[in-house]
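Going in written order, the chains are labelled A, B, C and D, and every chain counts its residues from 1.
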C-alpha cells in the first residue's frame, strides 16, 4: 500500500512538471494553432538560469545558507525572466513572420529553434552537466515507508500554485479574456479591438514564465542542468496537452498528472523501459473514445 | 412516391434543441423550399439529411433506404448531394478539379491503375474531364475551368459548388441558400438553373432560401420551420396565407414585403 | 488538328506524371522554335554534367555542394521541369564517381532520405496527414531484412538473393503496419494525429530495444550481408546509392502518377476540406489508409536498403530525430512536390555533414573546429532562416493543376 | 497515336534504366581505378590534400603516402554533440594531447582529425567515411559500441587501423574484424569480474540491476546477470532508466520495494549520478555499484554527495598506478581539469598507434612517408605496451589480454575514487 502511495507521489511530482510545461504548449496552440517544439528548451534554459544564479550566490556570498528563501526566489524570478525574454525573441524572429504561412512552416521553424538552443547550451557548457549547489536540504518527511523530500513537496506545491494562478489569470484578468478570445477566433477578436499581436506575445510570455520557473524548481529537485534535459519533458508535455485536449487549460493540467501517474504505475508493472509504451497506448485509447482529448472542445464535423 | 421521408427527426446540441420532431416527405422530381427565420433549424435539417449530423432521434429514408447514421460518402453514394451556406469549395484546386472530385464515385481508378495508367483509365479520365467541362458549361462557367476556386467571383463560386454537387449525379440535390449574396440578375439566372436541373436532369431539388421571390418563383412545395419545429407546409400560395407562418415572420417583414411583390 | 494532337501527345509522353501538359503556351506559339530550343538544352546537358562531375576535384566538396544546390535550385524552379529533372538525374548518376568515400556516403544518405521524403510526402504533402512517427516503417523494413539475413539468427536465407525478395516483403509488411496504425487513429484530426504517430514511432523503437530474444535488443543486429545484383556484390555506398536512386525514381514516378489521378484528387480534397470531400463520395478513411500504406511501403523499402548498406542496425538508429528530419526536409523542400523533397534532402542531410569541415581562419581569428563543434547550431539557425525566407518551402508545389485543354479531350472523343 | 505515346514513355524509362546501369558498371571500374592509383599513390599530382584523387589514394587498401611537408593525420571518432559529448570531448582531448606530446614521426608532423560520431550507428559510419576520405592513417574510436560495430564495415573495407578507447561491448570484437583493437576492456571480462567481486568479496546475494537501455549498459548488465546467477546470487529485478531523463522516482520506488542488498548500474555518468542520489533520497540503504561508464570524478560531483560509498569497477588494472598518475597530471596541466573516464585508454590507444606508425613508416626516395596499412595493423597486433591504463597486449580478436592486472574496484571515499582492489 505504502509503495503505491509512494508511486502516486512520484507520479504527481513528474506529472506536475509535465502539466506546467504542457500549459505553455496548450496556450500557444490555442492562440496560434502551432506546436511550439522549442517550448521544452525554455524549461531547460530556466534550469540553467537557476543553476547560474544559485551557483553565483554560492560562490560570491553566503546568502544560500543564510536566506535560501531569497536566493531561491531570485533564481525562480530570473529563470522566468530569461525564459520570457527568449520566448519573446523567438516569437518575434522565428514565428511571427510565419503567422500567415502554411501550417507546418512554424513547426519546422520551432524545431530549428529547439536544435539551436540545445546546441548553443551544449557548447556553452562544453557538454558538462551543471550541478546545483546545495540550497535545499535534501532531507525528507517520512511517514512509514513513504518519503517526501522537502524540495519535492516544494515542487508539487509550486506546480499546483502555478496551475491555480494561471487558471485565475485566464479566467479573471483582461489579458486572460483576450487570450481566450484570440484562441476562439483571431479575426473576430481583432475586430473587437483586441490587440492580437500583444495577446500572442502575452501568451508566449505566460507559457515561458511557467516553463522557466518549472525549470528552476525541477533543476533544484534533480540538482543538475544539462542541455538535453528539456527535450523529453517537452515531448511528454506535448503528449499531456493532447491527452487533455490541446487548447484546453484544465486539460493540460489533467493530462500532465494523468501521464505522470500512469508512468509511475506502469514502471511498477512493466518496468521503466515500457512506461512510454504504456503512456502512448493510453493516449491512443483515450483518443479513440474521446478524439478531442479529455477536456478538449468537441469538434463536430464542421458543418 | 416520396423519394425522401423524414420521420420524427430531432437533434439536440448539448441540451439545446435545434430540431424537434420534424417529419416531412419530398416527392420525386419536385422543387421543394425550406424556409424559416434565422435559427429555425434549416441548415441543421440539411446537415442531418447529408450525414454531417446524426439525428438524436427519428429516421431518415431515401428511396426506400434508411440513410441516417450512414457515413457521409455512403449518403453521397445513395444519391444525395449538397451545397453549403458558407461556400466550401476546395479553394486551392481549380474549378475543373473541384468538379472532378464530385465525379469521384463514377470513376474507378485505383492506385495500381493510376501508376500503370492503362488505356481504359486514360479514356475514363478523359471522359470525366469532358463531362466536367459540360457540367461547368451547364452552370455557366464555360471558360473558367482552370481558374483556382478562390479566384472565382462569389456568384461563380456558388455555381461551381452546384456543378461539383451535380458531378456526384445525385437524385436529390440540396441547395443551401443558392442565391445568397447575388444581385437580382444573378438570382434570375439561378432560378433558371434550378428549373433546368429538375426539367432537364430530372432531379429532385430541396433548397433553403431567404429571398421570397426565389422561393415563390421556383418552389412547388414549401416546408416552414421555426425554432426547430415544422410549423407549416404546402403549396407556396397556401403557406403564404398560413397564420402561423405570418406570425413567425412578423417583425422580419421578409415574407410580406417580398412575397407580396 | 492532327499536328497539334501529336504535339500534345509528345508533350504528354515526355512529361512524366501527367498528361494534361502545363507548359502548353510556351510551345504552342512557336512550335518549331521551341523544339529547337529544347534540343539545344539537351546538348548543354552533358557539358553541365561534366562540369558538375569535375567540380569536386577543383573546388572541393563544400563549394561543389553549394554550386550543385544552386544549379539544381535554378533548374528545378525554371519552367522546363523535365529538363531540370534530366539534368538532376544525370548529375546524381555521374557525380558519385568523382567523389571520395565520405562524399559518396553523404550522397547515399541524401538519396535515402529523399526516398523516405517521397514516401512521407504522400502522407503529409498529398493527403495532409501530419505524421511524426514515420521512422516506424523505416525501422520495420530495416529489422525485417536484418533479422532474416544476419548470421546471428541463423541467416537461413540465401543472402545473395534474399535482398530482392525481402525488399517487396518489407514493403508489404510496412504497408500493413501502416494500416494497423491507421485504423484506430485516422479519425483524429491534425495535431492529435501528430502526437499519436510520434508515440507509435517511439513504441516501435522501444519494443525493438526491449525484445532481446527477437531483436537482440540494444546490442543490435550486425554482420548483415550485402545484397547481390546478379553476381556483383553491392558492397559500397556507391553501389547501394544507385539502388536507392533507382528506388527514388520509381517511387517518385509512382507517387506523381497517383497524385495526378482520381486518388490524388481525393487526397487533395481531403486535405482541403475533409468533410466536404466525404460528402462528395470520397471514402476518407480508406483514402487516408491508402496514403499511410503507400508512405509506409516506401519507408519500409528504404529501411531494407539502409539495413543492407549499414550492415549493422540498432534500435537507437530509429529514434525520433529520423522522423523529424524527414518531415523537415519535406517541408523545407516545398510540400507536395518530389523535386522539393530531393532538394530538401540535399540541404537537410548534406548540410550538417558538409559543415564538418567548416572553419574560419581570417587574420587572428582561428576557429578550426567551428564546423565540427557548431554544425548543429548552424543547422538549427539554417532551418529557421529557410522557413522565414521561404515559408512555402524552397520549391513550393507549383500546383499541378489538371489543366483542361480542348485538344486533350475532344480529339479522341471525336474519333469514337 | 496512343501507341506512339506509350512507346515514347517506354523509351524514356529504358533510357533512364540504361543510364543507371551504365553508371553502375562504370562505378566498379572507377573504383578499381582509384585502387590502382592508391598503389602508385606517389604519382598523384601535388594538388593539395583536398583533391579527390589524393583522397581516393589514401582511402584505398594498400598503403598510404604522406607527402613531404604534409602532416600525418590521426582520425578521432568520438561524440561531440548531444549530452554524450560529456564523455566524448575528454576522449578527444586525451588523444590530441598524446599527439601533441609525440610531436613528430620521422620528421613528419602529426595532427588529429576529430569527427563527431554521435555515439550511434549512422553518424559513426559518416564519421568513418569522412576519416577515410580525409586520408587518416588510423582511427582512434569510435566512441560507442553500437557506433563501432556499424563503422567497422567501412573502416575494415579500407583496411583502416582502428583502436577504440571506449567501445566495450562484446559484439564489437565478436565481428572478427582484423583491423580493430581496443584499449577498453571487453564487458564480458569486466561484467564477470564485477559479479565475482559483488558475490564473493562483498558478499551480496540479492541484487537489482539497472541499465540505461544502451548497447553498453544493457550488454554489461547481461554479462553481470549471467555470472552472478551462475555463482548462486539472485537478481531480484532488472530495471531500466531512459537516457536524458532526470527523475527516476518510480524506478527508485520499485527498487526500494525489492529490498536488495546491492544495486548495480550499467550506464553513464548523467543517469548514474541521478540514480544514486535518488536512491539515497528515497532511503534505499543498499550499496551501489557501477562500472567504467561512471568511473569519473564528474559522477561524484553530479551526485551531490550521494555517491559516497559506491563501488566503481574500472576494469582490469595494474596495481602500479605511476603511469596513470603521470598521465593524469599531464592532462590536468594541459586542460586545467581532471582526466575523465576513458581518457587513459584514449591516450594509450593513441600512443600505441603512433608507436606502430613509427615502426612501420618508411621514407621513400622523394622524401614522402609511406605507411603500409597491413603492416601497421600487424604492428599493433604485436604491441606490448605499458600505458596509463595498464599493460596492453591484444588477443587474436583485438581485445586486451588480462595479464598482470586485476579488476580494479574503487570506492568513493570522501568524494574521491579510492582504489580498494
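The working rule: contacts are C-beta pairs under 8 Å (C-beta built on N, C-alpha and C of every residue); 3 or more make two chains touch, one makes a residue touch a chain.
Everything quoted here is computed from the prediction, not taken from an experiment.
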Practice task
With centres defined as the mean of C-alpha atoms, identify the chain lying farthest from chain C.
Solution key: B
Handout entry: Per-chain CA centroid nearest to the all-protein CA mean
Key = C
Completion exercise
Rounded to the nearest Å, the gap between Cα centres of chain B and chain C is 42
Fill in the blank from the handout: Distance between the CA centroids of chain A and chain C (whole Å) is 35
Problem - Where chain C and chain D are represented by their mean Cα positions, the distance between them in whole Å - result: 33
Exercise for the section: Find every residue in chain C that makes contact with two or more other chains and list them. Expected result: 209-210, 275, 373, 376
Handout entry: Where chain D touches two or more other chains, by residue
Key = 2, 80-81, 213, 240
Problem - Contacts with two or more other chains, residues of chain A listed in rising order - result: 119, 273, 276, 301, 303
Handout entry: chain D-touching residues of chain A, taken from the complex the two chains share
Key = 3, 6-7, 9-11, 13-14, 17, 119, 122, 126-129, 131-132, 134, 138, 140, 142, 145, 147, 149, 218, 221-224, 226-229, 231-232, 263-265, 267-268, 271-273, 275-276
Exercise for the section: Would you pull the chain C residues touching chain A in the complex into a rising list? Expected result: 124, 130, 184-185, 187-189, 191-192, 194-196, 198-200, 202-203, 206-207, 209-210, 275, 320, 324, 327-328, 331-332, 335, 373-374, 376-377, 379-384, 387-388, 391-393
Completion exercise
Listed in rising order, chain B residues that touch chain C in their complex are 50-52, 71-73, 75-77, 81-82, 84, 88, 90-94, 96-97, 100-102, 104-105, 107, 109-111, 113-115, 117, 121-123, 125-127, 129-130, 132-133, 145-146, 148, 164-165, 167-168
Fill in the blank from the handout: Within their complex, chain D touches chain C through residues 1-2, 4-6, 8-9, 12, 16, 19-20, 23-24, 26-28, 30-31, 47, 50-53, 55-56, 59, 80-81, 114-116, 120-122, 125-126, 129-130, 132-134, 145-146, 149-150, 153-154, 157-158, 169, 171, 175, 213-215, 217-219, 240
Completion exercise
Residue set of chain A touching chain C in the complex reads 29, 35, 93-94, 97-98, 101-102, 104-109, 111-120, 123, 235, 238-239, 242, 246, 273-274, 276-277, 279-281, 283-284, 287-288, 291-293, 299, 301-303
